[in-house]
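Report on the structure given below.
Naming follows writing order (A, B, C and D), and every chain is counted from residue 1.
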Amino acid sequence: MTQEVTNYEKIKEELLGKEFKVLDKGFVRLVDVMGSDDSIVQAARVSYGKGTKTSLEDRGLIRYLMRHKHTTPFEMVEFKFHIKLPIFIARQWIRHRTANVNEYSGRYSEMPDDFYLPDLEQIRPQSTMNKQGRGDEAFEPARAEEIRNIMQNTQKNLFSEYEDLLEKEFARELARINLPLSNYTEWYWKIDLHNLFHFLRLRIDSHAQYEIQQYGIVMADIVSKITPYAWEAFSDYGIDAIYFSKNEKAALSELLSGKNAKDLDYKSIGLSKREAREFEEKITTLINK
Amino acid sequence: MTQEVTNYEKIKEELLGKEFKVLDKGFVRLVDVMGSDDSIVQAARVSYGKGTKTSLEDRGLIRYLMRHKHTTPFEMVEFKFHIKLPIFIARQWIRHRTANVNEYSGRYSEMPDDFYLPDLEQIRPQSTMNKQGRGDEAFEPARAEEIRNIMQNTQKNLFSEYEDLLEKEFARELARINLPLSNYTEWYWKIDLHNLFHFLRLRIDSHAQYEIQQYGIVMADIVSKITPYAWEAFSDYGIDAIYFSKNEKAALSELLSGKNAKDLDYKSIGLSKREAREFEEKITTLINK
Amino acid sequence: MTQEVTNYEKIKEELLGKEFKVLDKGFVRLVDVMGSDDSIVQAARVSYGKGTKTSLEDRGLIRYLMRHKHTTPFEMVEFKFHIKLPIFIARQWIRHRTANVNEYSGRYSEMPDDFYLPDLEQIRPQSTMNKQGRGDEAFEPARAEEIRNIMQNTQKNLFSEYEDLLEKEFARELARINLPLSNYTEWYWKIDLHNLFHFLRLRIDSHAQYEIQQYGIVMADIVSKITPYAWEAFSDYGIDAIYFSKNEKAALSELLSGKNAKDLDYKSIGLSKREAREFEEKITTLINK
Amino acid sequence: MTQEVTNYEKIKEELLGKEFKVLDKGFVRLVDVMGSDDSIVQAARVSYGKGTKTSLEDRGLIRYLMRHKHTTPFEMVEFKFHIKLPIFIARQWIRHRTANVNEYSGRYSEMPDDFYLPDLEQIRPQSTMNKQGRGDEAFEPARAEEIRNIMQNTQKNLFSEYEDLLEKEFARELARINLPLSNYTEWYWKIDLHNLFHFLRLRIDSHAQYEIQQYGIVMADIVSKITPYAWEAFSDYGIDAIYFSKNEKAALSELLSGKNAKDLDYKSIGLSKREAREFEEKITTLINK
C-alpha cells in the first residue's frame, strides 16, 4: 500500500502543471486532482458497509461498480484542467453542463493572436456518408494548400483588423465580434470522474469532430495514469463494450443458432437498412477480433 | 396530422389528474405535460436544419436520436407528477438530482396516518444471492403473517405516540422524528423526458427495490401513452438492449465462430466467475428468445 | 377563477409562436409554457399542507415564497423559447447550465448569411470606468460610421469566403471556423422559472453586455405576462431590492442616527474607496427615489 | 508566499480526518480538499487576463468577486466530507442537488443502533410564531423529561424489533422500514465552495431546523480555516448583509430624510403588516449595532 501510494504521488507529481500540446497551439494542463482509485473504493465502502472489505479487492470492486453502473463513487474523484482551445471546440465542450468553468474574457482582456489552422491532411472534403463530418479521402494537394492559405490569410487579416479597431479605441466587447471561431481561448475546467468519463466517451468517439477528439485523447491518457483501475474498467465496460438493440438481439440469436449472416431477413426482424448495415459492422468487428 | 393531434389531446385529457394507485396507499398522478413526440422532432430539426425534414419521418428520426444517444431533444419534453410514496422510497427517488421537487413538510404540517404495509407475498427472507434484496422463496405463511402483524402493530403504536406528543404540544419538527420510514409522504416531481428515461431504466430494473419498481411501472405506462414513439425507441435501444463488455465480446466471438459455450475457457478470456455466469445468462436469454 | 383562467389562456394564445424582434436580425419566440402563477401556489401548498389555503391568498403566498427564498415552487413552471442570437451572445448565455438546449449545428448544416451589425449609437469607445464594457460617450459620427463600415464589409467578405470554401467541397465543420462570432445561430432553450429569474437578474443588469440585455428585456416582458404575480414579486424582492454588506450596514447605521454622509469615516468603517463610492451611489438612489 | 503555503498545509493537516462531534452521536469529518483561497484567485485571473495581477491583491480580488456575484471562481475549490447524521436531517440536506453523495445502504447492510435523542433543552413546545419550528420557551422540566423518556424508549424498542426481524431472516430492505427518522446514517458528501456557501447560508440560518444548523456551524468553522479570505467575504457580503425590497427602500428613504419610524405609513408605502414588522426588525438591528 505505501508502495502504491508513493507511486501514485510520483505519477501525480510528474503530470501536474505540465502542458500537453494539442493541435497547433492548444494544450491540456492538469492543474489539480482530488482522489485516486482509492477514493472510489473508499466511497463505495461507505455504501456497502464493512461486509465488502474482505470479499472484493480494490480492482474487482471498481470493476463491479462500473459493470453495474453504480456511478456515484466515481463522482468522488475530481479533476481540474487548464485548457487552451479554439472557440468552435469550446462551444461543443461547454455543452457538458456538469462541470465548473472559468473562461478568458474577451470583454475584459484582448484576445490573443492565436488561431487554429488545420494541418494539410485535415483539409478534406465533406464526407458523403456522414452529414456532419469530413470524409476519409484527401483533396488534391494543391487544393488543400490553397484552402489552407485562404484560411491563414483571413486569420491574419482579421487579427490585424481587430488590433486596428482597438487602436481606434473601439470597445473590446464589440471589437472582438468579427474575430473567427478559430480564435483560441483558455479556461479552467473542473469535473468529477464519472462525468469526465461521459465526456470522454462522447468526445473520443469517431463521430465527434476530429479536433475535440485530440483533446479527449490527451485527457484520457492523463486519467488512465491517475486512476488506472477506473480507466481500465471504463474501457472494458464502456468504450470497448458493444450494444445490441432489441431487434439486433433477434438477429444475433439467429446467428448463434447457426444461421449464416447472409440468410438473415432483416426486414422481418425489424431492422431498417441503415440498422442492418450497423449490425453487420458490429458482427464483422466481433469476428475479426 | 390534425387527426394525431386530436388523438394526443384526448389521451392527455384522459390521463391528467387521474390517481393511479401504487402499493397499498400510494399513487402517481400526472399533473401536467409539456410536449409530445412532436416536440422531440421539432427540437432535433433545429439542430439538423431543414435537410432532415424530408429524409426521415418522425418515428425514424426519434429512433435515430435514441440509437445514437442524441439525448438533448428528449429534454424538450417535461412531465410533472404528484406522487404519494413511503419515505424509504422517497429517499431512493431523490437521488435523481436532475428534477424539481416540492415535498410535504413534517415541520410545517402533521404527518398522515398512512404507512406502507407490505402484502404477505412481499414478506420474504433475505436473498442469499443478492446482498441487497429479498429472495424469491416465501416464508412459511405463519411466519409471514407474524412479521406483518408485528409491522402493522408498530406502525399503529408509533402514530398514536406521535399524536400523543403533539397533544403534549411538542414541536412538530421533533415529534415526527420517531415516525418510521414506512410513513407516507407526498411530492410534486417535475423532470424532463431524457432524465425520466434514466430514472425509469434504473428503477424498473430487477435490482431496484420492489416497491420503487411499482412506481416506475405505472409511470412508464403513462410515458408510453404520452410519447409513444420515444417510449418505443427507449425500450428497443435502452431497456431491451443487451451489452457485452470487451472480454464478453471475445467470448461471443468464439461462439459465433461455432465454438460450444461449454468449451469456453473463461479464465483465459479474462472473465471472472461472476462475470462468466452473467455472460451465460445473457446467452441463454438470447437463445431462448 | 374561470375568468382568470380564461384570461391566462388568452394571453398565452397571443404570445405563443410570435417572433419578438431583438437586435438587427435576432428574435425571441415563446414555443411552450408549462404552468402559471397557479402552479407555483399549487406546489407550495403541497409542502405546507392544507393550513395555508385559507390564511394566505395566491398573490400573498407567492410574495412570501419569493421574500423568504423558498425557490422550489418557482421551479414548477417551465418556459421553452426559440431564439436567434449572435454567437458571442450564445457563448455568454450557455454559461447558465440549468437549462436544456438544442442548437443549430454548423457541422450538419450551412450557417446563414446573418451577422450582427451594431447600430451606430452602439459603436462606442471602451469605457474608462468599466474594464469590461463600452463607455457612455459617443465617437465622432464619422469614426463610428467608419468602424461600422469596416465591420459590415468584413462580415460580407467572410460569408462569401465561406460559400467559396463550400463550393470547393471543403467539409462544413471546418469551412465555418473562420466565420466570426457576430454570425447568428438559433436554438431551442427550455428552463424553469426560478432559473429563468436568475438568468434575467444577471442579464438585464447594467453590467451585462448591451446585446444580451436586449434579449433579457424581451423575455422579461413575456414572463411578466405569463406569471404576473411571480414577476411582480421577483421585481420587488429581487431586481429592485438593495443590499448592504456588513460594513455598509455600519455606515447606514450612522446615517440613520443622523450623521451626515460627508462626515462618514469610511476607512475606519472598513469600506475601501471603491466600496465607499458604491455605497454613496446606493444612498443617492435611495434619497432621490 | 512560501510562508503562507506552509501555513495552509499545516492547517489542512490538522483538520483532515478528524471527527468533529455534532449532536449526540453524529460527526463531520473533512476527508479531502481541492484548492484554497489561491485557487479562487488563480481561476479568476484566467478570466480577467494579466491586467488584474497588479491592480488587486488576493484578498481584495476575492472580496470583489463575492461582492459582484462572480461565483464561478469559488466553484474551483472542492470539499469532501464524511458525515454521520440522523435520517430526518439527511432528508433536508439531500435537497441540495449540486453535490455528490455516497450513503450507507440499509438494503445492503444492517442499520446501526444509533438514534438521535434531543437534549432536554431542545425538547420544546411548538412555536406559536413560526409554523415550522420549536418555540423559544421551555416545557416544565418534568414534561420535557417525560417526552425524552418516551422517545428513548421507543428507539430502543424499534431497534430491538429490527434485530428480531433480521433474526427471523426477514429481508433487510424491508425489516428496516419501521426504523424511525431519528436513526443515524452516514455519507460521503462532496461539493464545491460556491454551492457549499449556498448550503451554509440556508442551513446556518435561524429558520433552519436546529439540528441541521449544528452541522452547518461545524462545517462553516472548517471552511473558515481552509479558505479564510473567501469565508470572510462570504460573511461580509452574504450572511451578514441586509437587503431591502423595493417598498422597504421607500420606507428607508423616508427614515434617511429624517422621518421618525413611528410616523411611517406602511400601508401607503405598500408594506403588509408582516413585512412592516420585518422591516422594523431590520432597522432595530441596524440602530443597535
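For this structure, a couple of remarks:
One rule holds in what follows: a contact is a pair of C-beta atoms (placed from the backbone, for glycine too) under 8 Å apart; a residue touches a chain by one contact, two chains touch by 3 or more.
The structure presented is a predicted model; accordingly, all values stated were derived computationally and were not measured.
Distance between Cα centroids is largest for the pairing of chain D with A. More C-beta pairs touch across one of A-B and B-C than the other; that pair is B-C. With centres set at the average Cα position, the gap from chain A to chain B is 30 Å.
With centres defined as mean CA coordinates, chain C is found 37 Å away from chain B.
Residue numbers of chain B whose C-beta contacts span two or more other chains: 48, 51, 101, 105, 108, 131. Chain B meets chain C in the complex at residues 31-35, 39, 42-44, 46-51, 72-73, 75-76, 78, 80, 82, 100-105, 108-110, 186-188, 190, 192.
By the touch criterion stated above, chain D contacts chain B in their complex at residues 86-88, 90-91, 94-95, 97-98, 101, 105-108, 116, 118, 122-127, 131-135, 139, 143, 146-147, 150-151, 154-155, 158, 161, 164-165, 168-174, 176-182, 209. Partner chain A is touched in their complex by these residues of chain B: 48, 51, 60, 67-69, 131, 202, 207, 235-237, 240-250, 252-253, 255-258, 272, 275, 283, 286-287, 289.
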